[in-house]
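Down below are the structures I want you to see.
Each of the next two complexes has chain A plus one more chain, namely chain B in the first and chain C in the second.
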Partner chain A sequence: MSRIPRSYLLNRLVTLVLTILIAATLIWIIPRLSPVDPAEIALGRMAAGAGSVANADEILAQLRAQMGIDQPLIIQYFKYLGGVLVFDFGLSTASFPTPVSALIAQALPWTLGLMVLSLVITFVIGNLLGALMVWERSPRLVKVAIPAAMVFTSIPPILSGLLLMWIFAAKLQWFPLTGSYGLTVEPGWSWDFAQSVIHHGFLPALSIIVVTFGFWALGMRGLMITVQGEDYTTLAKAKGLRPRYILYRYMIRNAILPQITAFALKIGLLIAGQVLVERIFAYNGMGKLLYDAILDQDFPVIQGVSYVIILMTALSVFLVDLVYPFIDPRVRHEAA
Partner chain B sequence: MSNFSTDDNVAEATQPMTRAEKRQARRMRRFDNPWLNPKLLWGAGLLLGIVLLGILGRILWNLDLVFTGSATLKLPPVGFENLRRQPGVWDHPLGTDGSGRDMLALIVIGAPNSLFVGLLASLIGMTTGIVLGFTAGFVGGRTDDVIRVLSDVMITIPPLLILVVFQSAFGDVSLTMMALLIAGFVWQSPTRLIRAQVLSMKQSGYVQMARLSGAPTSHIMFREMLPNLIPYLFGSFIANVTTSIVTAVGLEVLGLGPQRIPTLGRTIYEAINAGALIQNLWWWWGIPTLLLAVMFIGLLLINLGLDEVSNPRLRRLS
Partner chain C sequence: MTSPVLTLKDLSIEFPTPGGVVEAVKALDLTIEAGRRVGFIGESGSGKTTTALAVMQMLAEPGRVAGGSIDLGGTDILALNDEQMRRTRLSRVAYIPQGAMNSLNPVMRIEPQLWDAIIAHEGRLDRAELKRRSDAALESVGLPVHTAQLYPHELSGGMKQRVCIALGIILTPELIIADEPTSALDVVTQRQVMQTLKDIQEQIGSGLILIGHDMGLMAQSVDELAVLKDGELVEHGTVKQILEAPKHPYTQDLISSVPLVGGESFLNPDRRAEAPKRESSEPLLRFEGVSKTYGAVTALHPISFALQGDTPQIISIVGQSGSGKSTMGSIMLGFTPPTTGRVLFEGQDLAKIGASQNLEFRRNVQAVFQDPYSCFNPFYRVNHALSYPYKRFGLSQGKAQTQAAMEEACAAVGLDPDLVLPRYPHQLSGGQRQRLIVARALMLSPKLLIADEPVSMVDASLRATILSNIYDLKDKHGISVLYITHDLATAYHVSDYVMVLYKGHVVEAGPPKAVIGDPQHPYTQLLIASIPWPDLQRGWGSGLEDGAEDNIASAAPAFRGDVAGFELAKA
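What follows is the complex of A and B.
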């Protein structure tokens, strides 16, 4: 750690803490501004279940006490912040009395798995293709086919998801339409289960990959054009180094640095896009949890899911910033 | 051919140009005016097409057909048959959805709505960004610190999730309200961009010169610096339009967003919920999806075209 300048680290840490604090506060304040009373929603749900409810006022008061919304706002706020730090978002109102954190803990691995997989694949493929588009030795086909294919990469993954779902799941029936594993397999560390998970996860992952690799390819192309004109590239060529060696060790190595920073800026949008893909594929992740919670007006779950996703985003940005000085030593030297 | 040359003292060509030469000449002229590059024109054309669809549709088509139950349910577009073996009819050339609304009327109203949300949100975000970016770059000090940290923080928060919380708490929103809410999340990138550019431009010769000759700050900001920023501003504006529309569509597909006005995202939401994919009602979700895709491709092409304007190295003659 001593190799990272302290001011840089401090700066990033402050940004991280502020992001989490502001996000948590927004998530808390917004529902408080709304005229909707969560206790009344809960009562309405009881009434819908039982036909009629006697002593409605007493039950309302009790519900409010249980939810802690009869206390002064400032106390509520600090209680909430304290809870959020240990991932305590209260109890789900739709599937009462399951804690929200338990629901999130169930959904999170699915989302993380899908995210890491599709992110790594798109980052590698996108940057490689972007580099090949500029490299003078790449086959002609690459230079013609990739720009044409990239037109479609401006589309959000939900639209590509619908299209892939229709072609490969509804029409051809190569892949299952929805879900994250088959109904007949038992979740566990078995080959059948793994196979089923891959089979179900293929289309959601593909719909994210086909529309996001172009973002990296485009950025990489612009950076590679700059690197191509640099003196060190010319020198490397003049020295007679192997072209492939120049491509990987001289050009891509230098061009990829700003891409890693772009990664930090883009990740929020990528995660939001994935939430929607999970919703249309009814994939067992955070997206489905969020969608179900919206349908049920289950506020604690909506808050919890939003908070955890924002936390994930902020943490990945922080991690990228933390790793960056090791990839680009100039950052270390400038501050020292 | 002297009219293709930048030099006046050239002899007239004695032989007619070959096709390849003509193509080369066209490219040369394009090189002279970067704003006329084909990507930019194609992108603008696609978006204009959607605006025209909205205008012409309102004049030529009966928009009352957008109400529920105004036609037979689940009719296919003309030339196709649905699962009940009903053929498409010319009264509803693009078919009808699961509650009997005419698809053509739906997209005539819905497509410009999506574009409107994107443009309005991005315009507000852009204006905020210009003001904050210039302020941060010029004033510096504590003000700069606050603006920089705030935009750094807000850029990592995905707008979709905060807006989900907002809309599920408040219920129905109007189209303008949704645009305003999204605008609260698209001012960060223009702010950062302009701040960085202003900081580097402040050191440049022509700004120093203007300052030494006693030009007022507003003159330096708007007459000296802003014109140089225009390609970047346009690029950032278009990128924000895309982000705004993606966010709006995302909210609509989750069943939030305006509930009483037809939007493309809401149509997709209803189609998914009604199982349109299994029932092979492809026109119900497919037509709005296609329109959105056209919109995004148009925006991307404009952005690529603007890149060529601001980064001449991307313009190539070959």
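What follows is the complex of A and C.
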């Protein structure tokens, strides 16, 4: 790390902390602009379960105290901030009184596993295909096939998910229809369980890859065209370098740089973007948790999930900022 | 006579386009002997780079060789397959492309960029052997060995160009093709780099094709000249033959378009305009102890001057890159705030200017920049680019009047308004665009024009035309001009007063006839000695003398004569 100037590091660190603070504040303000009273919703749910509720006012006051919403706003805000720092988002109103953090801890590994893996695969495939669309040595077939495959990019993920489900799960029965793992296996660090997880995760991952690789491929194509016209690419060819070496070390190596920044930004968007995919595959990730929370107006859960999304985005952008001086030496120069 | 390294026979190159086939090169016949330096000279679009790329088999799509043959030391280039051609590149014919600024991979250090060239042709060699050869190549072009560990952005333009030359000779090819290798460099660096290229080419005894458009540079660098125009070879002979007795009228034009220090002026001052009536008695532009530092680097040391502006004048600021001249221009335009001191325009401090005064200031002070290609928004036609500022500054009195003003401005810079106004910028040449920038400035009738290297990126034959346009701004329209340039010959002709900048200091100043005609300061002398003359009697020197640097740093500034209307505080 000695190669990164301290001022650069400090600058990024301050940006990181400020981003998280501002985002946490916004997440807190927005639900409070809504006229809905979460205590009344919880009461309504109790009433719906039991037919009727006696001493409604008393219970309401008790619920409000439990949720902490009977206190002045400013105190609520600082209590909230203090809680957020240790990932305490209060109790879920829908699955009362489960702590929100427990729900998130349950869902997060599934999403990280499925979504990050599919994002990485998409990133690699998309950029490679985008580069091949431009490379002059690519077989003609590749140049025709890739744009054709991009048709899938215009399909909403929910449709591609249903389509894949219908073909591979319903008709061919190669993969299970829904769920994160089989009902017959015990969750744990066993080979059976891992196999079941991969088996169940395959279709949701594929449906995400199929619809999103075009984003990377098209972006990469534009960047590659610019790099192709650069003087250093011309000189690389005039040096008599092997075409494949020019493709990797001169063209892709330079064109990929802005894509890496885009990758960091995508990490956060991915949870929000894949809500419906998780929903139709009944996959127990963050997306499904958020979806259900919105339906139930479960504000603490919405807040918690939003916070985690922002935290992930901010952290990945911070990480890319740290890595960037090593992959693009010009950045180090500017910072110094 | 030795055997030829390159024989072009009846070579034709065409570009099939939807609008028909464009013949870029027509029936070219040319032979280059080993050890000879041949210059390809002509304007952009004359086919000189296209011919070079054909030899490399690197023509841009959809270009193709339509007929004839290319013979490289006994090998028929056109008969080689892709892999054979790849092996031929660099090992037998090296190409040093234009624009050394971006010719190196920005994310790789210099060393691996030299090594990968060797490995591509000779396979993986021992590390120590690679290191020995890359260090030798760098040393042969006068670069310190530690350059190998640097990234391209850490090198100056001259150093990058030397790295490209080192690359070109690392496999000792039979032929080197250098495409305008010094077009991005200032005169002093240009002379040093050309000298390096010539020395190393003589050492390895290869043929050299030098592509360019500057007859002076050619005269000082090559043995033979091939003059190209519209894809045809119009004249070919030794430099001596061509300079002393050019046969083709186009060659004569190329020779006479080089502005010389002394000699006849390319300008024709016909009438002297009065400066526009000025309400203020304050000088038009005043610098009060202005300096600029970037961190530990001082770009401009404190300088004070006043330009009265009662009679229009052209003040030239000359120096090589890094001398602080562009920083000065940027401070004048109010784009860069000075670190110390004040800049006053008609008595008004630029640092304290309000929004409405700012609009007035922008109208009064116009600019022409170096790169005419990036000065236009590519989405709009020329008439929009010209009429928009005119309307924005509230000068328009209706459509017809705006149109008339645009036509008048185009005519003033020698362009046909019917031809250029309805076009998009990309449909115009660099020279036309630069003249339009001048026209655009003229429409606003400013009091001051800042011209920062306005002709360094246009073809040599067009430089004189654009400079006379700028000269006319003063002569016919009464506008004062600050002309920032590295080109002393043009400064000699257009300016009323010259300031020579060296590392942020004014080292010599006075009327051009004194400063440039008879330089006293060693730095000015170096600048003038670096100009390549289209005259074989006049040597070019090597530019690599030792001790010159110390000499310059220790010499006292030379202030020559004064000119009414411009006062420079002599520090």
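Simple rule for what comes next: the second predicted complex is superposed on the first by the 312 of 336 C-alpha atoms of A that agree within 3 Å, B and C clash if a C-alpha of one lies under 4 Å from a C-alpha of the other, contacts with A are read in each partner's own complex, and residues count from 1 in each chain.
Please note the rule applied: contacts are C-beta pairs under 8 Å (C-beta built on N, C-alpha and C of every residue); 3 or more make two chains touch, one makes a residue touch a chain.
The shown structure was predicted, so the numbers you read here are calculated from the model rather than taken from an experiment.
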Quick check on the superposed pair: does A:179 touch chain B, chain C, both, or neither? Answer first, second, both or neither.
neither
Dominant contact partner of chain A by residue count, chain C or chain B:
B
With the two complexes superposed on chain A, say which partner A:230 touches: chain B (first), chain C (second), both, or neither.
second
Contact-wise, after the overlay, does A:240 reach chain B, chain C, both or neither (first, second, both, neither)?
second
Figure out whether A:99 sits in contact with chain B (first) or chain C (second), or with both, or with neither.
neither
First (chain B), second (chain C), both or neither touched by A:83
neither
First, second, both or neither for A:327, with chain B first and chain C second:
second
Could you look at A:249 and tell me whether it touches chain B, chain C, both or neither (first, second, both, neither)?
second
Once the structures are superposed on A, label A:15 by its partner contacts, choosing first (chain B), second (chain C), both or neither.
first
Could you pull out which residues of chain A sit against chain B in one structure and against chain C in the other?
none
Under the definition above, what is the set of chain C residues touching chain A in their complex?
56, 58, 86-91, 94-108, 116-117, 120-121, 151, 153-154, 164, 167
The chain A residues in contact with chain C across the complex are 230-232, 234-243, 245, 249-250, 253-254, 257, 327-330, 333
Along chain B, where are the residues that touch chain A in the complex?
149, 152-162, 164-166, 168-171, 189, 242-243, 246-247, 249-250, 253-256, 268, 272, 277-278, 280, 282, 285-286, 289, 292-293, 296-297, 299-301, 304, 307, 311, 313-314
Enumerate the contact residues on chain A facing chain B in the complex.
14-15, 18-19, 22-23, 26-27, 30-31, 33-34, 36, 151-156, 158-159, 162-163, 165-166, 169-170, 177, 218, 222, 225-226, 229, 264-265, 267-269, 271-273, 275-276, 279-280, 290-291, 293-295, 297, 299, 302-303, 305-306, 309-310, 313-314, 317
